[in-house]
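Next come the structures, one after another.
Two complexes come next, and they have one chain in common, chain A, joined by chain B in the first and chain C in the second.
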Partner chain A sequence: MSEFVQLIVSGIATGSIYALAALGFTLLWQAAGVINFAQGEFVMLPAFGMLICVSFGMPLWLAFLVTCAVAMLVLGWGFKVAIVDPLIRHGVIPLVIATLGLSIAAKSTVRAGYSALAFPFASPFPEGQFALAGVTLSYADVGTLVLAGGIVVALQAFLNRTVTGRAMQAVAQNADAARVLGIDVKRMVLYVFLINAVLAVVTALLVTPTYLAKFDMGDAIGQKAFFAAIIGGFNQTRGALLGGVLIGVLENLVGFYVSPEYKEGVALVLFLFVILFKPEGLLGRSEERKV
Partner chain B sequence: MSASFLEVNDVRKAYGAIRAVDGVSFAVGPGDIVGVIGPNGSGKTTLFNSILGQIEPTSGHVAFCGEDVTGMSPLELSRRGVGRTFQTLQVFGQLSVRDNLIVAAQEFQGSLGARLFARPDAGLGQAADQMIELFRLQHVAGLPAGRLSYGQQKLIDIAMAFMPRPRLVLLDEPCAGVNPSLVDQLRELLVTLNREQGGSFVVIEHNMDFIMRLCPHVICMVEGKVLARGAPADVQSNRQVLAAYLGN
Partner chain C sequence: MTVRSTWPWLVGMLVVACTSFFLKRSDIYLLSLCSVYLMATYGLNLTVGYAGQMSLGQAAFLGIGAYIGAILMTKAGWPFWCVLPVAAIVCFVVGLVIGFPALRVQHHYLAFATLGFNVLVFLALRNEEWLTGGTFGIANIPRPTLFGYPLDTEFRFFWLTFASLGVLMTLLWLLLRSPWGRAFAALRDNPIRAESLGVNITAYTLFAFAIGAAAAGIGGVYYASLVQFVEPGPFHFSTSLMMLLAVIVGGAGRFFGPLLGTVVIILLPELLRASTVPALQFMQKWYLVAFGVAVVLLMVWLPGGLLSLGDRWRRGRVGQ
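Then we have the complex of A and B:
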């Protein structure tokens, strides 16, 4: 029983990391109609950013803050201005192609400029384990759960309980009406890109100690985040949370009770079932579009 | 009408050879309610869109309170006190009725920092509750707007336009799809808002009874042009207007 609880806690911790990246997917889609297939690389680049800062002697927390600032500028504002704004008026497909290209370019640049090796990355949490009610838990799992959970709760509170958050929801639901009501739609969309950049840095901080900093580390995280967003419902932020946690927990259970070899296929199988039987996602809602 | 406040001067909007709006001019004074009628396709909504900067007029000028606002964005016009409603519903379906009303006015409150750390209701809770009471929506105030009936959503849509206390509101077919029992309530509400907030309205509507009882001044548009204007009874009895509606 204690093994089972341990697997669940560890699965929720891993799933909350997927959920953070998936949240970025859903926020960008809702606010700007953008599907960012470079989301995995948006996690990989800050991991290397923090490594560079640490190599200059910065403590990890300072490296994290500096990387957050740079990511907001480059992966938030820069991505919006240089790629999304010029292409968005041409529809979704050019943006999909552009973000796929960006993903390849980011990986190739890091491999050429840094190396193809995997680099160790310090965990922000202490090593070791502790026992709680007969269940052995690692500090890393609990720390990940608390940090990721805290960020998700804070983000939900921001969206639901602040004036700006509510305006962002309004823009996501009906940008034309929001514009007529005096909401600065461009500014709200920019906030979403900035939030996505910060979520990517936090994901990098949490995931890199396990995945190691490598040019292709974003492939797995980006793919699972995308599946998580679809499974939960692409048009619901809480859907991304559910999808992420579901994948994390099921991966752990399948890896332990069935075979570690099947672990990586869990997200894909779940994704296929959802696409076949509930294409709007577990918490998503069907959307009507005028034709 | 009193001294003009919105001036629409020789506005034209063409799509290739089609003249959707063809040299329309009119003026609206403070506190005026002006009705715009005309058969489908006569250019009424295109005229609204041209006034509100949602499309750029091919030529002509729009002035609001003496300032040339031609081609100005809806955002800039909104901040000058110009609001509108659309033919189709434009409520935020997943937000509650109360939050819809708050979001409709909150961007007028304070700086970026103030908005980030402001009270969740942006200090607009009381105003939203008053509007909810005025529109008799108390029993559904906490429900997501998307779950309500079409007529109730239409009322929310209109209430939202008035939340920022605009100086001018352009209402595009407020009665469309509304249960006849709500039409009288809607007219009374608009009269009350006109009296209490002192705003001016321009109303596009096909419901002649509604227009004739609400608007002291009516403009009839046909094929992008103003065919007749004046008191409701005069426009209604105008032979050209009757011919445009009923055919020769």
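Then we have the complex of A and C:
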């Protein structure tokens, strides 16, 4: 029983990391109509950014802040201006292909320019475990859960309770109507790109201690983020959360009770079922099909 | 696609094939490998380019074909020519099944659905050791014989692969010129209108996947016989990704698009790798970076792929 609870807790912790990356995904889709196939590389690049900063002797928190700033500039603003803005008028597919190209370029740059090896990455949380009501929990799991959960709650509060956040939601729902109401649509869309970049850096901070920093680490995390977003419902921010946690928990349970080899397949099977039976996602509303 | 605009490509292919009389063994092997990948990318061009479906799972079909070939030819001792239809039929059926999500979802959803299928196949190939040999793979796959004539040298096997590619391309060309080809294009350009005109879009969507998959399955058997060793690595979804990019970079929905795309993604990097000039070796290291950036730029400037350059040039001249 206690091992079951442990699996659930660490599953939720992992799942909340997936949810963070998935959240960026859904925000980008809602506000800008962008499917970012390079989302995994958006996590991988900051991981190496922090690694390089730390190797210059910075403490981890400073490395995190520096990487956040750089990521907002490059992966937020730069991505929007250089790739999304020129391509968005061509429709979804050219942008998908372009982000696929971007993901190849990012991976190969790190492999050719830095290293093809996997690097250990210091955890922001202390090592070790503690017992609570007969259940052994690791500090890393609890810390991840608290930090990721806190960020998700804060982001929800920002989107629902602040004027800027509500303006961003308005843009996501109907950009033209938002413009009529005097909302600066361009600025709101830019905010979404910046938030996505920061979410990617936080995801990198939390996921890299277990995944290790490697040029292809983004493959797995990017896929999980997308699957989580679809499973939960692409047009709902809460959906990303549910999808992420569901994947994290089920992966842990399947890995422990069924077969560790097919742990990676859990998200895929869940995803295939969802798109076959409820393509709008568990929490999603179905969208009008445009002719 | 008229006959007149076709013959320069055919002559070009033949000229490249005839260089095999002068090339060394490793280069002929490379040409064979290109032909194998071309079988898969031509299938993919039908699915993606002509029928307008998104697919990131083509490497899985190549893998299924290769493993069927490997298992039946080594463990069961079947001859190459009997394995070929089996692989084609199995991939056709699996392709039909994979087409089902395409009836529910489009575009990026479909990309991830097919990608998910590819990851599952990869996991199965790696983990089901009793059947696939796991990461150790299956070795000593024989080369075929034709009417008792052994096709065991690189040179002979290349001509077999090349001729088979020619047959496959001809069949696809005939298919595309038939009413089926028009139905596929209608499905891509406007599915709702196609349906209102009586095109059974359910059947054509499924067949677009199934025929594309069968072509990759046939390519897989040639792959197994060419390399004489299979392991899961080459059938990772990143191969699917490269194949999709090959089709799109060359020009999706253009008959010779995959030819150009496969040169860009298979032949060029391999030639750079094999070169002894330091500058070229340096380029090999950064090749994929340049390729990725090129894909982004291509999407910005030339979303129709490299082969649409000719159209654009012609249009520009008419415009003046």
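Quick note on the criterion: the second predicted complex is superposed on the first by the 289 of 291 C-alpha atoms of A that agree within 3 Å, B and C clash if a C-alpha of one lies under 4 Å from a C-alpha of the other, contacts with A are read in each partner's own complex, and residues count from 1 in each chain.
Throughout what follows, a contact is a pair of C-beta atoms (placed from the backbone, for glycine too) under 8 Å apart; a residue touches a chain by one contact, two chains touch by 3 or more.
Keep in mind the model is a prediction, meaning the values are calculated, not measured.
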Task: Which superposed partner A:109 touches (first chain B, second chain C, both, neither) - done: second
TODO: Scan A:95 for contacts with chain B and chain C and give back first, second, both or neither.
DONE: second
Task: Touch count on chain A, higher of chain B and chain C - done: C
- [ ] For A:167, decide between first (touching chain B), second (touching chain C), both and neither.
- [x] first
- [ ] Could you look at A:198 and tell me whether it touches chain B, chain C, both or neither (first, second, both, neither)?
- [x] neither
TODO: Determine, under the contact definition given at the top, whether A:179 touches first (chain B), second (chain C), both, or neither.
DONE: first
Open item on the list: Quick check on the complex: what are the chain C residues that touch chain A?
Closed with: 54, 100-101, 104-105, 107-109, 111-113, 115-117, 119-120, 123, 126-127, 192, 238, 241, 244-245, 248, 285-289, 291-296, 298-300, 303
- [ ] Mind listing the chain B positions that touch chain A in their complex?
- [x] 52, 73-75, 78-79, 83-84, 86, 90-95, 99, 102-109, 112, 115-118, 120, 122, 160, 164
TODO: Can you check the complex and tell me which residues of chain A touch chain B?
DONE: 161-164, 166-167, 169-170, 173-174, 176-185
Open item on the list: Considering only the defined contacts, which chain A positions touch chain C in the complex?
Closed with: 35, 37, 83, 86-87, 90, 92-98, 100-109, 112, 219, 223, 226-227, 230, 259, 261-262, 264-265, 267-269, 271-272, 275-276, 279, 291
